[in-house]
């Protein structure tokens, strides 16, 4: 059994509170176990310089943790005056993942900024960020849709992410909390769409290695978890989900 | 009447949710109208270099806003690589105010870090931060007290803050929301203790000036509001309030 | 008696040497006791982005100390690569105060840069900076006036600043030197105009508090000092003073 | 056929010139097609603060490109004053990968710094860096071994890396050059050991997704390429290879 | 005799490998003894803001060392987040020197970026950078010339540099290696043209002084060395040299 | 004749006001024509890390200009967050020059910080800084000497600096003001001691070159000027000069 009494292939409790913050075009508080992330989406009516004049949109993400989201306090990146490598990796990952399920041409010359701010951390903050950010993004795009900005809803798939890992004496686990993540020999983040395809796989042996067989077991478990997370997204989005499902088509 | 139908000397709705985040020694989510600030207090077992070896503690604060706490998105200070002058002013103010009501000698060689993170802003974020931070601080100090760290509870007064201002055609208003603050000719932040004394007064004419008479009207209104905020603090602190009241003595 | 044998409500010796540096449009060396600040005003023919196209001017200030203006050497902010919170607070205060007595619409789309460089410090550097900066500003505006830039002189009031404080066993003191400032329980900076109105009040209990009665005593003393500082400004400005007095009208 | 006339599962020409730079403890110039990386290894007799006193070593990597390693000139990170997210990701990856094949306890309290400087880039610079860095690391560790620092050679496996990708109309390609990488729908970096186990898999759909079947084809092709790269490493290391092979045991 | 058995007025072995890196418009690897510098020249079709609209070109240089170009490893300037004073001095010197032998009006509104990256250092890196950079610059300008960009070749002189110094017990030495440079009482860098004129002289007593007589001996020795370096440049440039010589005229 | 009616070999008016600022151990305001520099010397009782435990002292310099020391306002380096290459070159030069005339072993493990702050600039600020800094340094060392810190006065020579240049149609000029410096084809800074030896020569052709003959004429003129500057230093130092002269011996 796992330390929090979950089964090996069981997600932690998940909830998504939409419209959590009043100002953003899309906002959600995602809770995965004890991990809590505020995901806000902002629409800006221009694109970065490298895209200007191409009639195409952009999605970019920023990620941060409150200093005391963690067991011991971390120095604020604003105080340090620079962003850590870990933060950069995560925000690049979130942006890249979201861009893969949006029709950027249909979006037009707009940038959607995704801000993921972890207010409480217990493992899996980057995957919770992606899963929550998808919902915030859908809400923001829906706010444009209501103003007749699009001929068809420009989201091509649902998108969610989870972590899986190999922990000694326990094997392959789904949705690692901090303690499990800390002791894992192999740690893998998987981002998948509702069509069952991968968007991103990042698997790392932590001073360890892993075999093809282990890889397959990890991916099987991740897929199950992601399907359940997409169910949560559908529920949180309510009527907007119907709209996406129509677009996504056969997957629904 | 005011735009949100309050009376001139009426506070917005106030609530304080203690233990909002699980890891910090003290944590509160303070809500003042639509302004929401997470205040976390962290205890560190050492003091800054300039205080080492003096047997005295220190309290320091950091303040930040989520990029989309505001109507339009602000660039993250971590991305800019530096902290704005406004942020510096606010965090210096919070730390200074809290230090004035704690017996730093009794605290011993410890630093208490106060993190005020504004997740939603509608005016008065610095005064809400001070009012909430006092509660987070009291919780953190209580966690030390439970380990028998002190002979008597080292908080000497309650402390709260509010804003007051002069708005054209309306006169002197208590607890300005963003729209009122934006149109105020004079803007004043007042920090007071439960003994009715000032800790800090910062009054500014915004391309305007103010008379001694106006100053007195502003301070009268501020004092009323602060007394009501201290009532909210007492309620939020529950049994810990009894402990402080015993210390504060005649004020209770 | 005070350590430098002044009376409680006595300013230190004040002098203002105009045209101290040859290049700026306005330049003054202000001396208040042993505190010496070079105040230079520069006129730039454009405004910051947020004001463009509004036909309105802007005044902004920068403040710095020579590393050895103080008893022990401070590291240069340029070497540290960032500006301290104290410096930011002071330069924001100087700019804000000066903007309150200039008709920015009449100024037109120009920025006036105020540089206050403390070459020797003995307390009260920020208030000396404001008092000197007003003179440098008046000189710079006069240089525009001579080129027929304005229909009427766009300064609406004189403006000066001083510090007051509560020092143990001495009570309320005017114009604190470094030693007095260091031992003060309450420290207050007051910026006032020649019309007797406040522009800025910043009162701080240094690990202490202050009552309404003390506040009133502090403000009374500050007002006296500021009136005398304005006399010094008038004298330093010579014929330009006549020009301002005509504008200021009844106050003269 | 591919644009450079290679077969789909064919590596580019590979060479490794050892002792390329005279000062480092280990140095190699690795050439993979037109990509050229100088990999230098430096031994330092201490470890980072978080490891002190644990009797364990550390390996850390830095990665950089000459400004004109690429078709158009990139601004130097030293001139920008900060490191890009891409650079941070790559240097974290290189360090993590190398640490997985070294017995850090046997290394003792030493840090090995790996510097990978790309002097000419044509795709695959991060995987060439890892493959070359392994050789530089082995040379540096051998220099310690010759001073009898270890009872057994502390490298547990060979380690090499390559890229694979899915390119439209061509399918799954091994060892992408810049042009192929640019047009790839899926891009994957694989780091493996001589035991046939994975150390790191990073697969990314570039505004695209990929199926489990494609994943398997990519991994098959990567494994073939990595085995051939390890043959090149053995050859470059000469007698030192014999030493490693003895340690690696059954794999040899 | 000198530690490497050279005569007092003897250069180290010099070689220049042109087209060393494939992408730049001009590229050379210069080797002076054990010092090796990659010099790349990039043409950009615009000039810095201060030159815009004047029809004149610009040449600017950047200089860097690989961390392990030296005996012990130096921290990367990109990691430090700032460039050292030494680097700034050197890159300003290289740019200034090259600009003195190019007809910037004839060049037109173009910037030529010179990147000098020291991959192995044994003294004299700044003078080797200048000597190599001249060749890279000539190659880049020739690439423009081939497109009929100029009516006459816009290089007015050859340009090369060397170091000379006074070493105790040895006297005046030409082309100091690291060990000689380290022990020199006087250190001088001389940049000269093929017309025998100086472009730059930088002579420094290292906690020492030098007489006019010593200065003259240093300059005599430098001139001899520079003439030989220019012979190497001619050889490396091959047919392009003929083109320059035609321009330079009587000097050829 | 020169624009300010000086002869070709004539210095501008020079004055040195000692003890200009009250706090530093040594302070002087040097005026050379319209150039004015405050030079302050601070004694610190420790040395930089690279010198610790060697029983030897260190002298280091920082240089800055007030933003409006110049005709048009320059952005403050503290606001930019970094120091320009020009500033770095100058402060390295000042420190190096001063170290050449102080017996650092006799100084003991102390650092003397030299701060040169240009309050008004009209050419020659770096050479005026060196000349003034020598006097501030002598005052600071004398303050140690009065506490019996040394067996003999640890200054080995006087040290001063001036600029010379070649200006079209005028030839070789001594002590260039800003206008002359701006139009000079060759610009040279010379630092010499009272023994007539060079400490530093920095000669630069500004998009021009210079012959050996011109070099000699420049050095002759510089030497004359420097001797006169040393006379001014002697006068400013008064009795301390006698003390130095005793040490310097035959030069007196």
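To keep things simple, chains are lettered A, B, C, D, E and F as they appear, and every chain counts its residues starting from 1.
Going forward, a residue touches a chain if its C-beta (ideal position, glycine included) is under 8 Å from a C-beta of that chain, and two chains touch if they have at least 3 such contacts.
Not measured: the values here are computed from a predicted model.
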Quickly list, by label, the chains bordering both subunit A and subunit C. B
Let me spell it out: compute each chain's centre from its C-alpha atoms, then which one is farthest from subunit F's centre? A
Farthest CA centroid from subunit C: chain D
Rounded to a multiple of 5, how large is the rotation, in degrees, that superposes the C-alpha trace of subunit C on subunit D? 180
So, what's the distance in Å between the C-alpha centres of subunit E and subunit A? 52
Just how far, in Å, is the C-alpha centre of subunit D from the one of subunit A? 29
Once you find the CA centre of subunit A and the CA centre of subunit B, what distance in Å lies between them? 34
Touching at least 2 other chains, the residues of subunit A are 81-82
Neighbour-by-neighbour ring order, given that subunit C leads and subunit F comes next: C, F, E, D, A, B
Subunit A to subunit D touching residues, read off their complex: 82, 84-86, 88-89, 91-92, 96, 99-100, 104, 157, 193, 195-212, 215, 219
In the complex formed with subunit A, which residues of subunit B make contact? 21-24, 27, 34, 38, 40, 42, 44, 62, 64, 66-71, 73, 76-83, 87, 113, 115, 117, 119-120
